[in-house]
């Protein structure tokens, strides 16, 4: 029994040795310490997070990544659970509460990307119906977009429940005969409209840029009423639908850091402050990650290698 | 003896009209509601004057107040307490994570395999080894470790809490009576319903994930422990008492050793329950495979599928390992003598040495914390992606079959049913449903139903959404029963069927629902259908297993008797077995509904809309009011459905 | 020997002193309002009505009896008669709803938890229908279990356990585990365990019901032998009438929780109290149970010199002597002639068996 037990242990050890391969050596700890970046669900956010991660790692930081949704991440930053969000689409109530009132989160300015949200249809549909260029052209033609869920009305595909959207109210305000249908999270929404696109059928949906799919699918945006003073975008506030009858604003995407992180004096703070790139940059990396299914770290490293000058600016070189 | 006088021919009892009796009454009420629907469609939505309209807003204000007050430099003691617990949990998970990383893959594999070898036998150890190798091969070691850490932390705490309470419930009838409804509630509530309060209290992170998992995993721990304690033969416990043992002596010398196998089985079940929460945990900051699944859905569904497979592998590995350890170390079968005990101690020491060796070698060879070179992840992802591409292509044959079916089901089945529930005037629906509950189950469930419906409409202000969800739940349940009961009967009758079904059912119960919804999103891209189908796939295994167990448990004597009267196998099944297994079948219906409700909520993320969507949106946009109220509505639905399908319980008093 | 004879007792029971067990007015009602029903007329309702009215079950109704030292007191009844509940109330394994129980002078019903424990450890022990052994321990450890609970050191209690195993004939099985033994042997371990603590009173709850009929007979012999050797006082529960008649000095027949008749085997067989008991004993051959005392008549002058037989001899055992003698036989008790038995008496007794 004793021999057998000992023999088994040795055997196991040999087996382990035979299987063990060398891999990346242990990371060196530097004066930078650990930085926690938050990545949002969509590929664009994954892109900028992983690029920042690799840049920070090159100056010796250990980078952790959390995946907290857009709104709760403010509380997480206030608690110090995550240090920085590199792409925020303008959450006014949260900014009021955490940045202005509590001062637990700091606004670090634009990240260089401009966001656009709106109503999109496939370009082939726009060619067939040039009147759809503005929203007025949709009136009377809504039944073109009928689906099993929408009954006699046309179907408007809503966006991911975690994204800001006001289409339910907007449809009412513009008095269009659409039924607002939410098919759930973005993967489900994408599945829906891409299926219809591939079949050449009409579909109208909430969509945005930067988005990596915009390189693969040809989409056209429908013009919504111009923005006026006092225009509302936050559906949860309720009130007169007419106040919502305007297009989505253009979003300067901004970076937010937790106050604790800023106070810590880590060298990472300065680098992230200088982080800035364009829509095209973000779409390139996002396209690699989500479109070609490249490993995010590898995609980031590829882009960094090809854009060393920009990266050096962030590093302050 | 008197000679019996020949009586006149015995009259057959009059056939009762179909509308008499309880089932008939329920049908009549349903018809009445239908008439109300056609007559007054859409004219009477739940009235505003009966609703607590400002509640959502008040709750939102409460959340703002909470946030403002917990982030000040010197928060009050209550917040400090919650922060303290959250930090403790975070640190616990962090500590376990770095522990496993320090062990390196080699060390952890050695630890797992040798421990299972020592306590569970060779076969189980081989399974564990294969599981660890597959983790490395899939290139998912990092998230696997995090999930391990999360699971172990949750399981450890569940057992630390569950064991003492379970022992208490096992020994005290009164405590069991008190704790059972609490445990029922904890298991009925879909996890989505308590995510919001937990996030508020503990903030997102591993701590919140552990807390969520705890709520779900503690009930089985308590229940099975209690069952084990009560399963110790009565005479044995009485013998100890009759010999004058104190309560502690009885517990330590008799009950615990003899219940040991059941206690280890409770560990097994707690682990499985904890693992089933992995994906939900990913939504609130618990890292690991759950997060890979949820984020993979957005950018890399193939990776999400692979991570889902890793979760299944982990579940099956842990299940087989703990089951083997429970059976093998059963002291009532092991017959340990002093000599054998010594040998086993040596064996343990050798295994520990083996682990130490592996860890040392792992570090020496610079294996680090992650194994990165020999993974097959790239190849596997490509393979899965190709399959997904096929699924996503609307020009395939499969799509041409599934798409019309999906459309048909929605247009002529789900949508009309949904309108029926939503647009019927609220008095007809509310009182009608309560009446139906009365005819099916009796007064108390009917009162509960009425109360829950009032809660839904009046307090949560989610009448429309709740009716939508209800219609989906009923459809999904109907489908589940149509599929599950026959399959369960078949499994009971045929060994071959059982053997084929077992692995399939195991996978369906452990694979995260979000993962197997993915193909349906593409093949039947109509909003409600994937959710309904996912519910069926998740709930059917439970129904199948319960029905199978029920029919197999039917006493063989009436079956024999029927056979002796010349009944065919089918007659025996229909006239004897199924009626006698009625309790188990009812339990299957009850559990099936609960499972369906749980999934329909997740399905809200992928198109089922209604309550699930409101909770998901509430969670992700920090709309506390909306999230909590929608959760409350889900809870109310769950309670009402559970009460109505539980049937009547009888008390038994045993006499000597 | 035949199947249901009563062997002449080797000991005489001295009923002059205090009874070792005294039960007075013991009630046990299961249900939520149990204690409010005792003493009210509702308590005497038949079972079905009591259940319908109060959702309670009266398992033991107003039972009183006494057991003297060295006596084997049998409680007999069908299932549901309350006998197992009754024996458990004696040591409060089930708490009686009302009544008073004294064992060896101690008030059991009023005892504190410590006193009760002390009484269970030193004064009483119990043997169970399903043996109640610890499956994870060796036989010798099982036997020593009672001593272990008392805190007796290991060497001492194992030595005593070995002694007792010898007493029951299992000295070679000490190192085995219960599941390696047959049912009969397991119950012997149960017996050994009960004897090991040297109790004053031993309780047996249908100990042989779970065994084969052939083994049952051997076990009954075993118990009789042990009782003769050790002189223990026993309360014995059974549903088997021949077993009761074989073992018991006095037998209480229970029905629906109450004692219907309490008496010696002869009294039960010879003069059953009601039709229920009569039905019970109907199939017992009376000659196997009744003794000469039952069928003798007063001696007439001139009959004192017939063959002498002990008055406690059963009719059946006396037949050869009576039949073989022309003169009537004399029944003798403690040296004195107390009665005379002739052929007519024997014939009447035998003829009465087939009624």
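Descriptive notes on the structure:
We call the chains A, B and C, going by the order they appear; numbering starts again at 1 in every chain.
Here is the rule we go by: contacts are C-beta pairs under 8 Å (C-beta built on N, C-alpha and C of every residue); 3 or more make two chains touch, one makes a residue touch a chain.
The model shown is predicted, which means the values in this text are computed figures rather than measured ones.
Of all chains present, the one whose mean CA position sits nearest the global mean of protein CA atoms is B.
Interface comparison, B-C versus A-B: the higher number of contacting C-beta pairs is recorded for A-B.
Averaged Cα coordinates give chain A a centre that lies 84 Å from the centre of chain C. In terms of their C-alpha centroids, the spacing between chain B and chain C amounts to 54 Å.
Between chain A and chain B the centroid-to-centroid distance comes to 32 Å (mean Cα coordinates, whole Å). Shown for chain B are the residues in touch with two or more other chains, of which there are none. In the complex of the two chains, the chain B residues touching chain C come out as 233-246, 249, 253-254, 257-258, 331-335, 337, 651, 653, 655-656.
In the complex of the two chains, the chain B residues touching chain A come out as 64, 67-68, 71-72, 105-106, 109-110, 113-114, 117, 133, 199, 203-205, 282, 285, 287, 291, 294-295, 297-303, 343, 346-347, 350-351, 353-354, 357-358, 361-362, 365-368, 370-374, 381, 385, 392-395, 406-407, 410-411, 415, 518, 521-522, 525-528, 530, 603-609, 613, 616-617, 619-623, 626.
Put simply, chain A touches chain B in their complex at residues 1-2, 5-6, 8-10, 12-13, 16-17, 19-26, 39, 41-43, 46, 66-76, 78-79, 81, 94, 97-98, 101-102, 104, 147-149, 151, 161-162, 164, 181-188, 191-192, 194-196, 198-199, 236, 286, 289-290, 293.
The residues of chain C lying in touch with chain B in their complex are 30-31, 55, 57, 59, 79-80, 82-85, 88, 91, 93, 117-122, 124-126, 128-136, 138, 145-146, 148-150, 175, 177, 179-180, 190, 193, 197, 203.
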